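Chain lettering (A, B, C and D) follows the sequence in which the chains are written, and residue indices restart at 1 in each chain.
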């Protein structure tokens, strides 16, 4: 690891609605400025965050209509960037990280999937994905091999 | 690093007063249970946190009388345990981590120091101590070589 | 969601004038593509060169647009920036769409 | 801050009945030691065997108590648990106080 200025353990709070995700990602990237991520690394961060946050908003917080906030926490260290998403929504199905394969695209146009790629992208881009539920909170940790 | 259950990026909020420090430490230790720290490691965590939090309450937040909260954030990874203390108080003198030597104890009893050991203990017990000010917040990060 | 439409060498082109097609933009994107392509017959060229970020919802919206146009009309893509290209490749959707490096390359293929 | 005082073989013993001497307890500790030792003449034995945690404020309070007793009286320590012992060693305060492993060992030394 090069000698970069240290990153504190940052935290960002956003409203648990679809329209807040973009701003949450932008604020995360602002914290990551000292890491001088490459364009591809920056895209990995954005994409993984977008998929994870969209899932929280659409599934864990479905129907709450933005009365609750979501936190993005971040830590950078020798093993890369850890992003942790904390929400007060419903737990993951079966209490584990969904491990869904990519939907099949070798089908007729009319049958093409227009969704269901979220977890596939997360697992593809993250080194490690862990989930725990503690109390009324979900903690999803995404380890990204960026700024190593 | 052994195969321990993963620790999410946890965060604890406490009132910025002396009497809340003990509870903040206890809550931190509760989060660390899965790490199965030794007694000595547990004491290191407690001592470093106590010194850092006491400093925040006594110096950074002096005179605020508990209108403001302090956050303890924690992350465990391959390089150990990172604890980050976040407060909205005054900045560190000169914007850097004080690096004060241990007060001299080879003096007459009447001249013995009954304070001033805080930063010495922190630097002695932590692997790495970093400080940044961002906006109106102080971020003090303490890297501890425990649960490695 | 700002989209503009034009016709070059007889090919209808829809140009996305936004930097992001994400979950917040997906629905509006789909509606706008439907609006600006309504009534035509030919293959539609979607110019993505201003788009620097797309998530799976944005991808889904592009797929949905293609499905709305089909079976009569095709949707082909041009100007994928690296981040957009990556999402298409990871999901193998690059094999589903005609993907051209530039609008120019697409027009050369599509005209006549 | 619960402290108890007793006398064994002529030696005044102050036993801390709490698990922690930290910043929140430091002031009360100092006051209580002063109260229970008031008026005496002999060396005071501080029994710390119930204390499992001490921070630099707690250390400071013990030092301050010794300074209050001096120059007439000494303060010696017994029963330091590992965490307490560590703080005394790191700050070199173990060289300033008489430190005994147990109350028994301290009494053997102090009586007569």
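We adopt the following convention: contacts are C-beta pairs under 8 Å (C-beta built on N, C-alpha and C of every residue); 3 or more make two chains touch, one makes a residue touch a chain.
Just so it is clear, the model here is predicted, and its values are computed rather than measured.
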Minimal path length between chain A and chain C through chains that touch?
1
Would you kindly say which chain has the C-alpha centre located farthest from the C-alpha centre of chain A?
D
Starting from the mean Cα coordinates of chain A and chain B, work out the distance between those two points in Å.
29
Per the C-alpha centroid definition, the whole-Å distance linking chain A and chain D comes out as 53
From the mean C-alpha coordinate of chain C to that of chain D, what's the distance rounded to whole Å?
78
Rounded to the nearest Å, the gap between Cα centres of chain B and chain D is 26
Taking each residue of chain D in turn, which ones touch at least two of the other chains?
none
Interface hub residues of chain A, defined as touching at least two other chains
none
Pairs of chains that touch, anyone?
A-B, A-C, B-D
Contact footprint of chain A on chain B as seen in their complex:
5-6, 8-11, 71, 73-75, 77-79, 82, 84, 86, 130, 132, 134, 139, 141
Okay, in this complex, where on chain D does chain B touch?
20, 22-24, 53, 55-57, 59-61, 63-64, 66-67, 70-71, 82-83, 86-87, 90-93, 95-96
Which of the residues in chain B come into contact with chain D in the complex?
18-19, 21-22, 39-40, 43, 46-47, 50-51, 54, 57-58, 102, 105-106, 109-110, 112-118, 120-121, 124
